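Below you'll find a set of structures to go through.
Look at the two complexes coming up: subunit A is in both, with subunit B in one and subunit C in the other.
After this line comes the complex of A and B, so read on.
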């Protein structure tokens, strides 16, 4: 059914049957459906005394633990770390983190300050994460992604002078609107646009681009309402606002600042976004309150074997002690393939290919604490992201504690492009931090004076995952094999979803996997 | 100095002297200056025993009271209402509001729910409001203005079927980008754009509009990343996302939905915006903590007279009792001109013209409480604004208490266009509410089933202001006279600023007025 037909149908239903009918019709037609998550999973009829062993207590593992225990299964969870959450992780003052290679970082942030080295934001359409937050009592607050007042920066543009997102956004829109308006006025679109549409188009571009009545983008009330003022409106004799000068079109195009604009507009970054109050690991703690009693911590899995009778997992306590085994009827394995590929297992060849071949994204993040929130006090930036072409990629300002005194922690860099991560991987933490300061001070000259302490996580060096998120060499070939229930074992996690690196992917993958495992179990 | 020259200069400074030098240069050139507010006002040398009488305990009046007492003046404040704040006002369960004409509304909202009938949001560049919030200990949280998931609605478009902001935004951008890209490809911009710029332009439009490599806006991965999916990315066998169909260009243009898009982009609505935690009157309460002891409440001013010796104000207690007088050396009058024009005064003719001729904007707001947050639970709308061409104008969802159970209050309408307000003015509150439900249910069919209780404020019927904000018939002619210190009296408030209807305008006007009054006093 084409869009127009579908929309006409909806219009018709709306007219004839009233809006409630229309709403149900819309829902039925998939219009109101935005996630494969349709509410709490229902697993009925678990056979008495069936045991499930879950490997990994990240969000995928704990979702499986919570739902399978609720369904009546006996559940045991093995977790490598001393706490649950996996990449759903928050670093605070007093925490210690040891990366691969042995470098130890003692986090020295002030009370209440934190950084989320892994996932840090939740889109409005990640229904599963949001619903689990509701069920688990995790309080959410808005995460500010787009901030018109944040900066864009390129080392080779204007001698490295930063520009406000607001100015670039307004100027790009203004200039392209002016060009299109002029082309329409001159009749150059007449083979593409009807006369009626041409007039509406020209009118709409005035609105969209902040153009004058004559269709021009230039200094004046119209452009200033979008890009801001040389002197902002106030009071008194000098209270009248004074418009600002747009940047010339060729300069806007050649700056390539427009490359950054789309980043705030994609579905995964659109407003309204959320973050848990107090740090992302509030979600981990919420799950842990429910299933913590099922988890054995500090358990390093060394082998996963299955046969017609059951599953046997061999593991070693990381704090020392004898090798042990856990057995079960079935297993949900949420160990990242980067780790699982190093574990002795007898999974079938299809899934083994995916396990051994899946590369993991690299990504580096920095949490930098400064003596004061200079980005708020001096730059009037409250949350949001500044972008730069330097290897740190971006700087994100805290979406909480606005206007507070005392030290603040910003995200000093988040690079997810491979080559740059590799460069940082080779460095010791203090050197990585030095680079983040060196790059960050190009945008915020206050950096050096105000810097207090920092921590940096290079995901390729995180011992329990060795990367940030799974990639597919050949999803077409491997995906179906990797997600299927392989006799008594099913794998789950963000790497086995179409939302890699997102918590929503981990949870949806887990729900899908346990749903299929459960069906297999009850069907015998 | 032209922009380019100025920017080139900044580039040069940046290259030669490093970024700190550049930052100071930028600040000096006004680049970092976004408000006439430059921090707490300093009023030195107030003559001993000089008394200031302040009329009105809204934000302008309380700013004057706080700063003039701090400067050493003796201060008395007269306020018509039983509490301070003026239009900085929040209605909660248990509140009673009587409008002009006598209709009484007893607000019946659940604990914690509220509506701000007056100002409800604070832009990032309203430095004075933000700084007073900091000084007064008023906690702020983000106010979500733009929400991609909110709706746009027109009664005559597609039989009144609502559309998501996200879809309209993506489709409008996509179609205009495609048109401009095609025009550029066909050489039709060659007299306007150099060959080098043409290539960058085409490349940038792909990014900006979500176009294919061939420059087309159509169903596919590129457009779906902006406008969303028929099936959103998930996990399992059916986890792959399925793109959605853009709405046709002619339909997008003729829907005129683009008219709503600019509303979220103007400087006064750009992210990051704020609201005080718990209601806008947290600001009023903050000021009141500081200056409440100076305020006489329930005092209806009936006359304002000045001569060479001082100022005499006559007032009557609204709760009954004898007419009284207050005298002072000087007076700061923040009474709205709509009210002041009905008060016996002997101000000079210049300002008297402005006082008697200033019309006040009408505006109607509704706070509607529903049994549950269906907009979150069913529609996945978290904060933000839906727009409609119906007289209610917009529906705004609460920017707080996200994902909570129990009843929620949304802004059921905010109309600031004159004729529509007049229609609502003629109605009793219950009839106004019925209309808000009748219009709102066109967008949210859940309205009738879920409605619980409501309150509505028509600003023309608010006894103590008779309107929403002051307008200028002829600012050119009247403004200078209206703001000047007229012998011993100076007027202040949002109506005497270039930020009418904004709290920032009220505070900036007050600071400007008391600064000039103080200068006059100390200079004798």
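After this line comes the complex of A and C, so read on.
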């Protein structure tokens, strides 16, 4: 073997070192894909006059509409709501939202302020969403997830006193590094590392943990570089910085604040994250500019029937009126299974099982508007997330409009599944907001004085989806049946992906589904 | 200190006051706060409170349900709540878009919650829910047990699959009934009313036993009627999965004629033309609606 190509080098690494090593090697060489998105889909050779009926004008439905019309299909889209986007949704001043049960909220935010009740951030590796933003002219800006200046709060630690993310993160890193460094110094790791590696390890821990030359994590110049100062560096007579005191190791461990640190490190939350300028629904509007002419709004689908000749969908206008039918040769159904399971359909038994075996989880969000951006003016927090063990879970500060005067809107809470979501769901909006204020003021005492107005969305009460995202009772059993092209119908959406509740999941699912449907149509 | 001050009252007061002023020192507010959202709140066994916090969001506080693109069913005045087995199954395992609450609530809580919805929300049923029912409704936790079961089914070479229905014969026996039958979730069950014998001798007097024949003859004519009923439904005897047979002792005999019944039975089940067997029970009863009837049979069939 005289030449080693990249491909057989990878094979050799895989054989010798196992697949994990091969994965790392692939990633290092730029081969491991972060998304199955491979660039704009190319659907060639659509048969003349073939019609596709798309149910749902969320991101999955509009992706299908855009790409299938571009491929030459005749396309019709039915949408339950009065506008496109589905869960890609933004609430602004002047909007009215009526949840199930009848409670009406008139959003009273100041001009330019908004909250995204659904998706609100886009990871750097969600290539499909980012690519469509580029193609549709949706302007993006950075979304701040991790903010060292934000707070961590636990009701049972330090009398509920808030801590800065920076302090906790530095102390956790510092103490763990010191322990490991000492263990290495004492030869306790000798059965795991060579003598040479031991020295490198100790050196790296000093660097990583802010340790002194003696390997200690304690008050001083090294630790202060990471955790900050009692008096920060300035100028003039009192310009010299004064380091701060680390919190004791046992306290850091027992506080369990470290539970929150990982939330900012997972791949879906790593920097750089993005948000569309002006609200998440800029993406919906971008798609709508392209395919809005294909969409019939306010159409409530009541039946989906297929036979050897085509697909017939029965629907009624939501404002009332006679039942209508739409027919097509094929159908892409992006209706959430929470709704589809209640619609009269004749899909085959495998996919029917999957449709009726998908519970939808609950999630609650709040948009709270305050008279001024006290978190910036008083706390010097610019974007990012504070975490709390209270039911609201977290508070996220706006990643836009920094240092501006006038009212600002923050995310006053975000629950994800669990009992808290049910409890909040059972409340009326004003009661939900009251609790968000009560919990939020434990972290920000300014809350009561500065509160102006708020809106809250509990996803189990959202009329057009009845939940936040689909859950699998048994994914291994149902997934293949759920995504297959069932004669003339294929389903798509976030629920049919391995990226549930993410817009990337909706778009990837749609691209995959229409790719397979197109192949079936072309190949007959 | 009134430690039993009901949280409902506090919440109602709270909901009614949007411009709620915080009073940190107030015991009442502290109670409502800790009561509703700290860990201890999940341990309540108050059925009304469990309903209010876990169910009312979707099914609404008065149980009236809600309608959007899909609906949340009304629990109010709902005849399905007369017997606890149905609501307990939904609470424990979920159904369609409704998530399972089995892992969030213990047996006692589910009993309290079920009793509440049976008795209230305009239902007025006498609660029949028990901790045993809840425990029996919970899915098997042990993966091993489940795996063992799967192996058993797979290795049972005599089990007949008929497009999803799995028929388990009685091991080491050729008695022509099944020990068990498994019905897939997507199959429809079809229940036939009790079927009785046909007149086979018009000339016999209205109350004469000969008008309908003996047990064997009555069995045959009854199964012929069942065959006809199934045919009208697009089904046949091969689709029958369960029979309940009621036999009356013939005049002058002190016991039912089981052998006579079997003579008729084997002409319809386990034959070369119709090899499928059902599960079955046979009962001797004191009498049937017509004094000449010796046989009545209920059948359950499955449509796949």
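Rule of thumb we're sticking to: the second predicted complex is superposed on the first by the 493 of 524 C-alpha atoms of A that agree within 3 Å, B and C clash if a C-alpha of one lies under 4 Å from a C-alpha of the other, contacts with A are read in each partner's own complex, and residues count from 1 in each chain.
In this text, a contact is a pair of C-beta atoms (placed from the backbone, for glycine too) under 8 Å apart; a residue touches a chain by one contact, two chains touch by 3 or more.
Keep in mind it's a predicted model, so treat the numbers as computed, not measured.
With both structures placed on the common chain, the touch criterion links A:423 to subunit C but leaves subunit B unconnected.
When the two structures are aligned on the shared chain, A:135 is found in touch with neither subunit B nor subunit C. Looking at the shared chain after the overlay, A:289 reaches neither subunit B nor subunit C.
Between subunit B and subunit C, more residues of subunit A are touched by B. Using the contact criterion defined above for the overlaid structures, shared-chain residue A:254 touches subunit B, although it does not reach subunit C. Within the superposed three-chain model, A:390 lies in touch with subunit C and out of touch with subunit B [touch as defined at top]. In the superposed model, A:193 makes contact with subunit B only, not with subunit C. Judged by the touch definition given at the top, the superposed model places A:441 against both subunit B and subunit C.
Residues 441 of subunit A contact both subunit B in one complex and subunit C in the other. Against subunit A, the residues of subunit B that register as touching in their complex are 2-4, 7-8, 10-15, 18-20, 22-23, 26, 30, 32-37, 124-125, 127, 130, 133-134, 140-142, 144, 146-149, 158-161, 166, 169-170, 172, 176-177, 179-180, 182-183, 188-189, 192-194, 197, 200-201, 204-205, 207-208, 224-226, 228-241, 245-251, 253-254, 256, 258-259, 261-262, 265-267, 270-272, 274, 378-384, 399, 402-403, 441-442, 445-446, 480, 483, 496-499, 505, 508-509, 511-513, 515-516.
Residues 11, 14-15, 18, 20, 22, 33, 36-37, 42, 52-58, 60-61, 66-72, 94-100, 104, 185-186 of subunit C touch subunit A in their complex. On subunit A, the positions that touch subunit C within their shared complex are 80, 100-101, 300, 335, 337-339, 341-343, 349, 352-353, 356-362, 390-391, 419-420, 422-428, 430-431, 434-435, 438-439, 441, 448, 458, 460-467, 471, 473.
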